[in-house]
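Alright, structures below, take your time with them.
The two complexes that follow have subunit A in common; it is paired with subunit B in the first and with subunit C in the second.
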Partner chain A sequence: MPELIAKTALLGKKPVTFAGTTLAEGDAGPVASIALFPGQDKAAAKALKPLAFPAPNSFTESEAARLVWTGRDQAFLIGAEPPALGGIAAVTDQSGGWATLTLTGPMAVEALMRLVPLDLRATFAVGQAARAPLGHMQSILFRTAPDSFTLMVFRSMARTAWHEIEVALRSLAARAALA
Partner chain B sequence: MRLTCPLCGPRDRREFYYYGHEDYLQRPGPDAGPEAWDDHLHLRDNIAGEVRDLWYHETGCAQWLVVTRNTVTHEILSTELVADRKKKGVRA
Partner chain C sequence: MRILGKGQIDRNRPVSFRFDGKSYQGYQGDTVASALLANDVRLMGRSFKYHRPRGVLTAGSEEPNALLEVVGATNQTPNVRATMQEIFDGLNTQSQNRFPSLSFDFMGVNDLLSQFLSAGFYYKTFMWPRAFWEKLYEPVIRRAAGLGRLSGKHDEGHYEKAYAFCDLLVIGSGPAGLAAALTAARAGADVILAEEDRELGGRLLADEPDLDGAPARDWVSSTEAELRSLPNVRVMTRTTVTGAYDNGTFGALERVGLHTPARADLPRECFWRIAAKRAVLAAGALERPIAFPMNDRPGIMLAGAVRSYLNRWGVTAGKRVTIFANNDGARQTARQLMAAGVEVAAILDSRTDATAIEDCPVYLGARVTDTSGRLGLRSISGAHVGGNFQIETDCLAMSGGWNPTVNLTCHLNGRPRWNVDIAAFVPSEGVVPGLSVAGSANGDFTTHACLAAGQAAAIEALAEIGVTAAAVPLPRAEGVPYAIQPLWLVEGKGRAWLDFANDVTSKDVKLSAQEGFTSVEHMKRYTTQGMAPDQGKSSNVAALAVLADATGRGIPETGTTTYRPPFTPVSIAAMGAGGRAMGFAPQRFTTSDQASRDRHAPMIEAGLWYRPSYFPKPGEKTWRESCDREVNMVRSAVGVSDVSTLGKIDIQGKDAARFLDLVYTNTFSNLPIGRVRYGLMLREDGLVLDDGTTARLDENHFLMTTTTAAAGLVMRHLDFIHQTHCADWDLRLISVTESWAQFAVAGPKARALLNAVLDAPLGDFPFMACGETQVGGVKGRLFRISFSGEEGYEVAVPSRYGESLFRDLVAKAEAMGGGPYGMEALNVLRIEKGFITHAEIHGRTTAFDIGMEKMVSPKKDCIGKAMAARPGMVGEEREQLVGLRLAQETKAFGGAHLFTQGAEVERETSQGYVTSVCWSPMFGATLAMGFLKNGRARHGEKIRIVDHLRDLDLLAEVCDPVFHDPKGEKLRA
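Our next item is the complex of A and B:
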């Protein structure tokens, strides 16, 4: 049997840093959409332990995995294989379907706010997540630390997303250099 | 114009796709005559004032909303999930 090698969307793309803020590709590992069947909240909570099913616009995490809210009664399990959820939720493998980008540094908020129409300064705390447009792309955005965000876009949009964020970073760095 | 998605919070209207009046939720029964279907598909009131219509949160949570708004004052009066209406037993 041939040995297949899973490649990330931007394999080989080196991280870029402008004004201390780094854009890099992340490797999400396995990603599964977990869409709860009606009335299965309690059963899901039990099956997903130690992770709690996230409230809208948030994510929960354990050592190995994250569970990120992505829609009504739906979350993405990232970084671990899903447990058995027969009769509780519809589980769909999304691995490889999404590109993951991380943005870390003092200009992360400003750069993202050029592309995402959300106020990421005050109201978007660590532990929060959002389905929001990045330019014209659908994305999943979550804040993992005060100066660190993870973004997920459809795999086919990976290079566009990278380009958009890099341009935003470049222009912010240029402004900072002039000031 | 901003719409408050019941799940995502206040968002720009460009994140949403506009569909039409909430009449679309009142689908005629399978035995309804051609007049009922004609009415359902094509006949709409052109209201100056409060209207209730369907919007889809396209670049957000992918939910259908019923938005109550005023076409004269541009006020957004309420937003609710179509899915929640179903839960409450509203015929949809």
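Our next item is the complex of A and C:
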């Protein structure tokens, strides 16, 4: 039996850039959901070091990995294999289940505010995360730099997500060209 | 006619556009209305009912008459207001509701018949014969009346939707709006200033008052420059705030690309949802006409509009203008026209106590009693204390006063109140939480008062959200009080129009009152007043004033009709931007999608998913040939099918087993590790929610599968049960549907195929076993379950390896005489085996109905158990799941009804219905599943199947739903 070949959701689609803002498919590496069992906060804090379990709507990060809040008592560990958390948290492998998109550039905020009903301007600072609708899809999004967001959507919906963000970027570029 | 030296159009940039096939020239900055007036075109439309020639009445979005069709490459837009459509090179417009042409319209005959076409005419005339209404009367009436036409094609234009947030939303940018925005901007608040026009300034542009002794335009420009320079301000021109909704949310429509030639990717319009902590409504006021005999001819316009055309576009609407007004405001029109060198024939002031000192003749206590000019005004007849007179004139500028634009304040059920001083309705306070009103919208009709009120409103609104704003220096402005004496209707011989857009006259309103429709809401519906695209902006108040008079009530007692969003028409295309065709819903693709398409499999939609219908082989001409082959292939060799779309829910925790016992009807706490069990789940009302299998991976770790259709539903149900029934349990749930690619491998050679792909050969792995496995160096999971009735397995790998495994499985299967199978074959296989899907558990069936009442454990409680035991949920009267068998091939008849032989075929005698049908190549028969009253006791009976839709009348044998391998020997092989 030959080795199975791993593919990302968008099969390595090439990034697109409109008016200086770039949409690209990222590869998050390993992704695991970590849902703390009741009363396990302290044990989890110890086991997850150096990462702290994130407060709602935020993420914490170390050099290698990010821990992104994704729901009540739940976070996604992105970029590293999860530590042993037996009895402390329910852990599932979510690695291939999510498509990762990055949106970087001066129009990133405006483009996302075509699709996400949140105020993503300065109040949604670097280090913040949200679970929010992206059009008709659910998404996890977080701000990694003043002009850069990472979005995660269901793998199966990656093409729709890409299409909708690209349309938003194209519209904004066309508006900018008009002015 | 264009006036030299007037207006703010760019005379260095001529623009040519078309109207009714003829080319006209205007300038950058013109609207269709201003450019046509500049070209001395007064006739712009035909009225709705009488097809009367009409010209432009206003200069804004409230325009009732000058409605056009704009013809573009991707769409034809009807009912575009000529006053709002900016011209650009290549713009193509045409008039509407006329045949064959605007100046000669056959349907103008309606006007001659107007005696007979008054309000309520249809209701009285077309009552009988009854059948004629739908077939004859209505189509004819609809063709005769009506406005613009749709092209009948898809609107392929590009539209946009967007969200915005702010501390303060300022609606309108006249003096009040600009003062509010500037005050808030300097305080550092997050401000959105929304202006419907292409330019900021509102009436400051149209009236050109002096501010600080200089033209108002200077202050507007410097204020705009400052606002645009500030990072905390978003200036949105061409944006109409169309509705006020709950929690400070406002809808707004931005005309993004309607003023330029279409270009790729540029949205035509953008529908905004603006969430504002506070809002200031500074939408100004709308001038109202006076209803006098024959007041609808092209050339009869509002005085404020005549002023707008003069000052903004350098256009005079006539060469010899007459003014008719009941207030001081209209005097400005006369003075400014004369200053620009336009002849003013006379001012007719209905008041007797107004000043007569102007540079033109002034008639006090005067009325217009008639007009003439078929396609455009030629003269008017007037009367005053001194007698009757006639004036040759080509433009009559009228003003019946001003109505504050209270609309948005009424969108949450607020009602405006009557202000006697200005003879108009003003907003009631606090009717939209967080929204305050300033300036003319609040009944302040002087520039000075507007500036001051705008500033005060901003300071107060910001204080409520903890932002301290200081007063900014405002320019000095006039503060002459507004004087008005109400005049709604001039009685006379001819018809006096109230609602130009829907052709409603004062006579219609009086008739309504006479016939007992005295409530303003009844009058509206009886006469259709206020029901046109302009929603009666120019006519509502005058109409209810006439109604008040006719019923002997006062105006406040009569009240207004309900103002509803949107303030101006909003295209559905903008509200549903991106949702056309494939944009309607997200598309979900499996990991094997490309591999299936490579094999030319037609894809069908299953929920949002795309799944292969069948995999055609060369020479196969119909889907049935492919399907039959695939079914036989699974029954005789091995088939591979992507089942990743089934929902997968990971359930962990010390209370996981207990939780499954609660949500499933059967018991899971005694399921051994490494085993799978079929489970049935009820809704809280006792009806079946879903079915599926759950595997016990470890003591406290389960993996539930759901049907594809109910994956989201079950996840939501479990979350709900967890949160409401057992929030404190040691339990965590998460969907892992997307994380695993899972493939069914079914058929007598299934084990052989697995041994060819798994890294280690399969040992003892009995029916309903599960465990970890390894494929191509990748850790996966293996389940021995079957939806086909054959020896079946499902192998799962992390989804990034899905495509690779699918291609590999299929290639190896083909080498064994097997291959991939699609949804059609999957359906046949499960019907042959009697397995249910959501065709059977469609939300109205119970566990009893589907023959699974024994799966509802008597030893424990579960969600839905008590409700499932209600009277009527169990028993002989219920329609029960049965199999149906016919020897012959026939069209599918899902949805057909079942009738006892010999019984009459009536709705009441239906014995049940058919849910699933297939042709079974294995049995050489048509097999079906359905629900039949007391069906389990009727096996062997011949039942009649009647399908009215497909015109089928068949006879089938009722039998057990399990046709294939009833003992399950093959499953366990």
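In the analysis below, the second predicted complex is superposed on the first by the 178 of 179 C-alpha atoms of A that agree within 3 Å, B and C clash if a C-alpha of one lies under 4 Å from a C-alpha of the other, contacts with A are read in each partner's own complex, and residues count from 1 in each chain.
One rule holds in what follows: contacts are C-beta pairs under 8 Å (C-beta built on N, C-alpha and C of every residue); 3 or more make two chains touch, one makes a residue touch a chain.
Keep in mind the model is a prediction, meaning the values are calculated, not measured.
Peer 1: Could you say whether A:P117 touches subunit B, subunit C, both of them, or neither, answering first, second, both or neither?
Peer 2: both
Peer 1: Once the structures are superposed on A, label A:D93 by its partner contacts, choosing first (subunit B), second (subunit C), both or neither.
Peer 2: second
Peer 1: Tell me which partner A:G79 touches in the superposition: subunit B (first), subunit C (second), both or neither.
Peer 2: neither
Peer 1: Between subunit B and subunit C, pick out the one touching the greater number of residues of subunit A.
Peer 2: Comparing subunit B with subunit C, the partner touching more subunit A residues is C.
Peer 1: A:P56 in the overlay: touching subunit B, subunit C, both, or neither? Say first, second, both or neither.
Peer 2: Only subunit B is touched by A:P56; subunit C is not.
Peer 1: Looking at the overlay, what does A:P133 touch: subunit B (first), subunit C (second), both, or neither?
Peer 2: A:P133 sits against subunit B, while subunit C stays out of touch.
Peer 1: Can A:P30 be said to touch subunit B (first), subunit C (second), both, or neither?
Peer 2: It touches nothing on subunit B or subunit C.
Peer 1: If we overlay the two complexes on their shared chain A, which of subunit B and subunit C does A:I5 touch? Say first, second, both or neither.
Peer 2: In the superposition, A:I5 touches subunit C alone.
Peer 1: Show which residues of subunit A both subunit B and subunit C reach, each in its own complex.
Peer 2: 117, 136-137
Peer 1: Quick one: which bits of subunit B touch subunit A in the complex? Just the residue numbers, please.
Peer 2: Per the stated touch rule, the residues are 7-9, 11-12, 14-15, 58-63, 81, 83.
Peer 1: If we count contacts the way the header does, which residues on subunit C are in touch with subunit A in the complex?
Peer 2: 158, 160-165, 256-257, 260, 263-267, 273, 275, 578, 583, 585-591, 608-609, 650, 652-654, 728-730, 732, 734, 736-741, 756-759, 775-778, 797-805, 808
Peer 1: Touching subunit B in the complex: which residues of subunit A?
Peer 2: Listed in rising order, the residues of subunit A that touch subunit B are 56-57, 70-72, 117, 130-133, 136-138.
Peer 1: Which subunit A residues qualify as touching subunit C in the complex?
Peer 2: Against subunit C, subunit A makes touches at 1-8, 33, 35, 37-38, 73-74, 89-90, 92-98, 113-114, 116-119, 121, 135-137, 154-157, 159-161, 164, 167-168, 170-171, 173-175, 177-178.
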